[in-house]
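Both of the next two complexes hold chain A, though its partner changes from chain B to chain C.
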Partner chain A sequence: MIALPRPSTLFLAAVTALVAVLLYSPLFVPIVSSFFTISHGDVDWSSPTLSSYQALAGNNDILAALRTTLIVGLCTVVLSVVSGTLLALYYHGGRSGRSILQFIIFLPFLMPPIISGLALLIFFREIGLERSLLTVVIGHTVFVLAIVYRTVLMRLQSMSRTLVEASYDLGATAWQTFWRVILPNLSSAMVGGAILAFALSFDETMITILVTGTQSTLPVRLWAMMRLGFSPDINALVALILMFTVLLCVLAARFLVPQQMAMERS
Partner chain B sequence: MNQNTDLLTLRGVSKSYGMVSVLHDVDLSIQDGEFLTVLGPSGSGKTTVLRLIGGLEPLTAGEIRLDGQDISRMPINRRPFNTVFQDYALFPHMTVSGNVGYGLSVRHVQRKEVARRVAEALELVQLGRFADRFPAQLSGGQRQRVALARALICQPRLILLDEPLAALDLELRRQMQEFLKSIQREIKTTFLFVTHDQEEAIGMADRICVMQAGHICQLGTPHELYYKPNCEFVARFFGENNLVAGKLGAVEGEQRPIETALGRLICSVSDQPLLKAAPDGASAFAVFRPEALRVAGSTESDNHFSGTIADLAFAGSSTVATITVGTDNAAQRLRLRVPSRIDGSALKCGETVSLSFAPHEGHLVLA
Partner chain C sequence: MSLLAAVLAFALPVVFVVVPLALFLVYSFFSVDQGTIVYAPTLGNYVRFVTDSIFVPVFWNTIVLCVSVAIICILIAYPAAYLLTTLKGRWRYALLMLLLVPLLMSYVIKIYAIRSILGLNGFLNKALVALGILQQPSTLFVFNMNAILLTLSVLLIPFAILPIFLSLERIPQTLLRASDDLGASGLQTFLRVTLPLSLPGVVSAASFVFVLAIGDFLTPQMVGGVSGFTFGRILYSQFGTAYNWPFGAALSVALAVVVICAILIGERFGRNRGTSV
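== the complex of A and B ==
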């Protein structure tokens, strides 16, 4: 750590606190207000209540959207982890066309989502695929694949080549080496990538709006609700999602720390 | 130790990566039960030899025979050899016993049998208490011993060790050298040990194979390499040495003179057909060890010259003097090593001394 003279430490602390309050306090307003009644657009601080949570529980539209989001998220995670891992293995194997492949994988993640969404929409219409949850899952997978791919590839590249050589040297077949040495060393990166993929899929809005059929995911539902005006149960929903996201982030950070370091700490 | 049968032979082995050739036409025989060290500076191709034998890389040309059978194309996981890697390559997600037992469990050996042999192997490397630890929880020396146990457990015909001590500090390295040597004596398995450290090589090997730039320079016992190097590279690389350039004179029985800036030096050429056969006037070096030099009072003996002591370094049991011989523009630096108790205290910096070495302690190599 760099040691600073005391006045500048205090100054830094003040700036940090100010930035934290200005930037991040809006995030906490809905959480706090979700526990109070709202009358005429104002929060009534004198009446703590869980009524907005009750309203949320009774809102079938929202619950259906939440279920849809979870289904899409899980399917996306499975698809992107399997294909992202395979692609990373292919790239790491040093086979032909790998830089073009990598470019294509990163493209949808870097392009504006509206372009990716439109491209997919046109593609689905051309091949005659009805818009449905399937098209949403495909759209999300194309989008989040880069994250899983990158996470797994980085782990692969940090893995010593001699681990694989040692496995063969000790008499293992290629299949045994994959299941017993390579995969276990990738697993935590795959879980970390899966959590990030799920978080991305969870709040993906633009592509979803373009390629979804009749069912809405949660962000799309929220967006539709907002045009009609706020209701208190949205505060409750935001609070719940925020807590859930924090949980996911903590988990992801846990899994993305290399195993070696984690073990040394224990 | 049975040193008569060849376990493994390399014949005409070459290896190149694209246009870059790293091994040229190497012939090498490894005897059953010996501790053979491949010694060379980095880039000499010593690790490549090991990787080719282990099957980690395919040959470009030549063949490798095990008990007379060509195994050049045998896949790595079928070869009865195991490797101790430089970075140990322990599986980080497995415990010590998981690592050691890996070679057996991939061959579907029964679980009870695996457990028994793992316990045995860990006992051998004195790590019985650490069976349930993970590699990250072990010290460098302990990891090293796990890697050795993992390589031993499949009872390979040959154990390949790729600079396994390079990452350890000096004290630990000395301990591990003794440890490796004692294990090798105990299990009577052939060891092929690659290193760039000549001290390590001298201390452990039955035979040493010195490599340079993709060639084998010399293969012999540490004693042979030390006293009869066959080329300038080995003479310079292997221990401290004095080399004086000159032109060969006519052979005189088992001796041959060489005309140098220090005068006419007479050196032994017994058992050296190449040096006996070299034409008169060929460029060569007279080679003599610092401890072969005598500080002599008399001027009657052969190989006599005088020099000035430029520097003295006390090194415990011996004292090393750097001596300048000859005039300024043809000055040559020689090293002299004398026992400290007898002669060390008699030498003084700046003093001129007469020096000589016996012809049988002098040696020739072609330039």
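== the complex of A and C ==
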């Protein structure tokens, strides 16, 4: 871009600063509240405390919800990475009906979650499947599948065909080529997709509210608690989750970005 | 072998995506009689949606609300995205990451935090009073349509930044230099070259933000109060208190139609055409 005159640069910087404030202030509220007591909107800066973190350690309700969220997240990751990778391989193989299949995979991601969730709710009811963690995992997998699928497919499409051809020329069977050549090349995309899938599952609220049984995941638990307002230990949890999420972002960036940059350079 | 592969590939997506959505569509033609669902086809739900004096106005107001959210997001996101493209190398992507990271933070928590910022004792009121803009704290910003508008805008800004940034980044430097060489001022170059070439990104951004805003139930439910009644909330209530699943399904179909239109518009006009010089 050509350098603009000064006033416009200032304007751009001011708006960008505003965007940063708008985006980050909702994140700072719980973090600040986790260390300081707040009454009637005033922060008492004089006495930082870790008491909310201690309270969190004793809040079995929330810890159970956290455990449920992690279980659901891990199941979702396994299911979506396996099926997403297989579906990407199917598409990449130029098989029949692949564009329709791709459209179906993207549908739940494009539709508002309230529609995907309600559709699944009715579906589970009609086939007589009791609402439980299983239905939550199915809902999450359907939702995040598109992301894993797309991440793996992009890697497949950027992979050089010569690698596979070389493998065949050297006498490898189709299986050997898959395990020794294709899969290792896909692994970092699969890990990146898995992290994204986990992050989405971890935060998924709408579909979960609709298809969950008696056990609730963390966002659903928080959603239910919101009517009453949060206790300080929730802020501690939120602060911890934010740190954890930042860590996930950094990891996802490590697995996904270097390859893309390398691709752009080549 | 290839038939088997096709059956396996299609099995799960068809069972868990196509069948539920199709069933949902079918449900919208059923009706409810005294708490039980009557499995006989009827257009009654759609007739009720169109003729009842409640639903169409709420539907329309929600669409207007979400278009406003999209406009606000674009007006704020465009300058930020533009600033990003003026940065060099590493800084550009670092700042982009910084503006996208809040997306991955808990949605429910963000809504809660924004609500407390907008509230009567919230930071926004405190700041406005301190600046002398307001005489006393106002309830203008919470539990009404304004609150939904502001909260959704804040939540969805990153979705507007990314597509606009991508389309700005794709504009060839040579075009801008040519414009400069031909004697255009910075403003002229922006208005005549940069802005038109970035419009596809703006349309994609608008489509993204609109679709996410209109499909959202959590935000209006949490910050909308009694007066901020959106279509998503009416829809949800059909599955809760009103207990009329078929009617709720019909409302969802109406919502889906709007969403599909928005996505198609985004696809049709949002493609970056003619910029790959």
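In this text, the second predicted complex is superposed on the first by the 231 of 266 C-alpha atoms of A that agree within 3 Å, B and C clash if a C-alpha of one lies under 4 Å from a C-alpha of the other, contacts with A are read in each partner's own complex, and residues count from 1 in each chain.
We adopt the following convention: a residue touches a chain if its C-beta (ideal position, glycine included) is under 8 Å from a C-beta of that chain, and two chains touch if they have at least 3 such contacts.
Model, not experiment: these values are computed from the prediction.
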item	value
Contacts of A:166 with chain B and chain C, given as first, second, both or neither	first
Partner chain(s) touched by A:110 [first = chain B, second = chain C, both, neither]	second
Partner chain in contact with A:123 - chain B first, chain C second, else both or neither	second
Which of chain B and chain C A:180 touches, first, second, both or neither	first
Most chain A residues touched (candidates chain B, chain C)	C
Contacts of A:10 with chain B and chain C, given as first, second, both or neither	neither
Of chain A, residues touching chain B in the complex	160, 162-163, 165-173, 176, 180-181, 184-185, 259-260, 263-264
Chain B - residues contacting chain A, complex	54-56, 75-78, 81-83, 85-87, 89-93, 102-103, 106-107, 134, 136-137, 150-151, 154
Residues of chain C that touch chain A when the two form their complex	2, 5-6, 8-10, 12-14, 16-21, 23-24, 27, 76-77, 79-80, 82-86, 93, 95, 97-99, 101-102, 104-114, 116-117, 119, 121-123, 126, 154, 157-158, 161, 173, 176-177, 180, 186-187, 189-190, 194, 211-212, 214-218, 222, 232, 235-236, 239, 245, 248-249, 252, 255-256, 259, 263
Sites on chain A touched by chain C in the complex	1-5, 8-9, 11-13, 15-16, 18-20, 22-27, 29-30, 40-41, 83, 86-87, 90, 95-97, 101, 104-105, 107-108, 110-116, 118-123, 126, 138, 141-142, 145, 199, 203, 205-206, 210, 219, 222-223, 226, 230, 238, 241-242, 245-246, 248-249, 253, 257
